[in-house]
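The following pair of complexes shares a single chain, chain A, combined with chain B in the former and chain C in the latter.
Then we have the complex of A and B:
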């Protein structure tokens, strides 16, 4: 009797999985480095995941606050064993663990955000956030009175340095004399330290605070001081309604939908992709009411140029802090240079070490 | 450097030193009773989370502050049970408490990440905040900072000038003699553990009620460990703890301000400063051990006398 029962259950399971296979339901897993409520990086990715929920035959799930390194490898392996079809890992430090797991599960597609390694079944992706940062720099340059803008930054890696440079070029496009002061916190998410870093910039006369950090700590500091701020990742205006001018933001949903479609149609390839503003992957948050209309128009005009591919931002002549020409007149910096950028443009005060 | 940079720096030193000060004073009371609690970080973070959750639920920062103290007391009670009831190893229990506290706070606090709660804001004290230099440094903060101005003298008086304070120190110095004198050593040690836990909880609360009005995993960021080191630096004296806490707070604030001022020193070196100072301080303190008032029976469990 027991044997029969077990057989029945087994049959049921088998038939169930067959049905699933027939419908080709895609199981999509996401791994986040921080809790999704952080209003920052992981939150933006999760909005992208939620954008998939409406697609027929797609089931998503996520694991949040997964530490980089061995923990993440375990989580990925778990997902792979459970039969997920696509796994997205959204932090730099997941790269090597993902590479390892991808080799163990050749039939599963792996996508890694912000890294540089690929495998037969593992691609990587990122967005040209520097385009949106350029535009937010224009807003900051238009709003500063002290001509000093503070920038609270996480780690001196090319991604962050590139963002600071693009931001500064945006500032200079509307306000050539303004400088951007940088303070490194060496953390992605530590509201207390980030707020303190913002305060230290306010103390040296900055009247707009921008950030490459995942917490709204710097926004709080700007609002308390009664000056302006530029958010990051997602619209942070809820944290500092009086200070928040705009924010360069991520919009992952269209990108993730596109990947799912490619997998469905069998056109997905394991490659490195770096789409820009024209795909909507990066954008500007709505302007605060304190941003004057003519400045808004100017920024939107620049956005149209970037979307049309007419403004590549890193176009020479661009000098470094010492005044040496790094990008020659008329030259558009190639992506390889942008991805390995380790120097500041003229007008940035601070070190890249 | 000019005054316009130094005054905000010193004011920031007081502010960033405050959570460390609460925790250091708590650890001093605990260690004076003869119990070593290395779980400060864990106790603090439970206080941080409790304060945030209570402030969000009730809208009252004051209530949240007191609740954090109680939560700190309860967390420290775990250490008390292990060390005072079961005579467990104090070092191991303390380390376990740190892991337990941070893990539990991460788990329970997950739903609260990214929300803002009401908290304390700076209130300039009338008259005294007008005093040049001293006013903006010490009297333009939130109420939780002002509270710390009163606590060290109280602890000093309580420990050094009252009978219960003498008994508590006896429990930490020579528990056998204290027992012979008819004192209930375990009771004083319990007081040290729970009272210390209360202050550590308050220190944690400062981070989510004043310093920021947010909750996130690991908001304490190692401040509990700095407090443990500061107790040694302070030679177990409340007065020196104030100095030490502000010194550390000052170094933390200084490295960010040096960067903002456009220095060419690599930021990695500047960020090392607080931790390098911790090591230097411990070395210096061990040289001048003679001045130290380390409790002789620190970390040694007492078997029941009867």
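Then we have the complex of A and C:
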């Protein structure tokens, strides 16, 4: 009996100290779709999470390799029950599960990356990666000799199609005759398949390989063939130092820090945000030494224009593959069109199916 | 000099195999504790967090039961085939086709009342899964193909067919190009039991488990299965229609996996999407072996492995142990339990010369 009493007192103390800690500290949970060792998408988000660790009174944790669907709902519920204050979910398929959990826990803030649904306590966010894609396209266009650039792409969804289009517009800005050949892998993270896809592009004469994948497989294929490559997500130069020209990269830390600050100050609102390069959320990785100085200068000048809001990239006239004008002369494509983009611009070889 | 003699035991003792399984599980936990210690996580705390996440609260147990449902049904089916020494590795594909069959009914007749719609979905799922299981059975008996290879290959075909449907004709037009069908109508969703998060699929499991147990234990066909599994030639001599038995077990096996696919689509995801394929069909094989093909043990083993998967998420969240640890622990348990089988079926004597 006495033991039981002692135990009860101990439990009470423990739970009390938990409550106190929760008042002082913000607990931030992240949920990732792949292992953080992927060097890609989840790795980039985890760098963002680590960027919060230095903030006073902020504690973070994560669960990796969580399948979209019921598994993710359970993980988010677990976080919510443990008293996490802010939960970030970083894959499209987490959207509906998050919406369900958000309704059950109205006092917790939920942030979903890459979706479109919101609730009173759930916002969504993404970055204008297409801006960095455009710049990396300029680098590829400046470096290609065969005028054929290969693009290993994941799934024909608007995000990827938009990226390919922006990349191609960048290529054409410095090399109007070059074409971009697209191969779909239907995988986000499958190093072997993605490497093979890159090889198939090399076989048809591509001498720069770009990618929208989370594995560095295509980088390795380019290095083995002795041609150039453009990475994605994070600086992938370690995987292919001789091939890696640059990469459009995510830099989530400033954005996440900003969200935490907003929550602290009570200014956080559940809304859809789509910040661009001017906030630093997307950027270009450092150039490889093989990129000549004048090309570097040209790209950096274009970057300055994008940051200043002078180059919106999807500005007409822009034609689709058949030559039909999709964006009229002088018109800036509205965000809704960009978010639902399902057609390729002229100069892309491949289909969106 | 020592000599080790291994002889087959004539009699089997129930309590002894129980003891061996428990020892094996403890051994695998000790080994994984060492792994935890090697990466700097206090092993006892780690294992405690794992168990707390898996079985330590009402929510945790509910989550485990939900996760155990599809594993149990797939495993029950696989075990029926294994009894006849027919190696069905194809539960994954049969599960996929079951989900496709159920989804077809749900999308085609969304307005039917639940008491008609749900049985129709179940019938279609079991039919699709059963027919998919019948193909390798017929090939095996007619053309002497190896069912391990054929069932494995058919998995890829089934999963790619599912992908084809959700990326193509069944894609929800409002999903921004993402691969998923429309959400099922409320009548097509298997509901939850009371205020718990457990769906009525648990009741399906109880009924089906009992039916299978009665079938293999008390019916003539069930006895024929066991006899033919022990010796094909003796069975043929006794006039047991072996070819028909093979087809029968594969159809039962496939139908049960298909039923699991129906429950997963209807009860937990409420739609069809590629992430429905979480590897339950393969986990089922592990479970069937751990349970030595006994339906009641399969229920326990499914719950245990489901708990392991759920618990590892807690381990990640609280102590940031990588997701791969769950897979390692699962492999260790299988290895030690199967290795322990040596001590239950054989007598080991050490003699000094």
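Definition applied: the second predicted complex is superposed on the first by the 333 of 353 C-alpha atoms of A that agree within 3 Å, B and C clash if a C-alpha of one lies under 4 Å from a C-alpha of the other, contacts with A are read in each partner's own complex, and residues count from 1 in each chain.
Just so we're on the same page, contacts are C-beta pairs under 8 Å (C-beta built on N, C-alpha and C of every residue); 3 or more make two chains touch, one makes a residue touch a chain.
Just so we're clear, the structure is a prediction, and the values are computed from it rather than from any experiment.
Under the clash rule set out above, the superposition-derived model of chain A with chain B and chain C contains a clash between the two partners. In the superposition on chain A, A:61 makes contact with chain C only, while chain B stays out of contact range. After overlaying the two complexes on the shared chain, residue contacts for A:184 are found with chain B alone; chain C is out of touch.
When the shared chain is aligned, chain C comes close enough to touch A:92, but chain B does not. Of the two partner chains placed by superposition, chain B and chain C are both touched by A:156. Set against each other, chain B and chain C touch different numbers of residues in chain A, with B touching more.
In the superposition on chain A, contact of A:350 is made with chain B only, not with chain C.
When both complexes are overlaid on chain A, the residue A:35 reaches chain B and chain C alike.
Legend: residue contacts after superposition of the two complexes on their common chain; A:203 is shown touching chain B, with no touch to chain C. By the document's definition of touching, neither partner reaches A:332: not chain B, not chain C. Using the contact criterion defined above for the overlaid structures, shared-chain residue A:75 touches chain C, although it does not reach chain B. Chain C is struck by only one stretch of chain B after the chain A overlay, and of the options 2-10, 56-64, 92-100 or 182-190 that stretch is 92-100. Where the contact sets of chain A with chain B and with chain C meet, they give residues 35, 37, 64-65, 156, 186. The residues of chain B lying in touch with chain A in their complex are 5, 8-9, 12, 16, 106, 110-116, 121, 207, 211-214, 216-219, 221, 252-253, 256-257, 259-268, 271.
Taken together, the chain A residues at the contact with chain B in this complex read 34-40, 43, 64-65, 150, 156, 181-186, 189-193, 195-197, 199-201, 203-204, 206, 215-217, 220, 224, 239, 349-351, 353.
For chain C in complex with chain A, the touching residues are 53, 59, 63, 66-67, 163, 167, 176-180, 268-269, 273, 275-276, 278, 310, 313-314, 316-318, 320, 322-324.
Taken in their complex, chain A has these residues touching chain C: 29, 35, 37, 61-71, 74-75, 77-79, 81-82, 92-93, 116, 155-158, 186, 339-340, 342.
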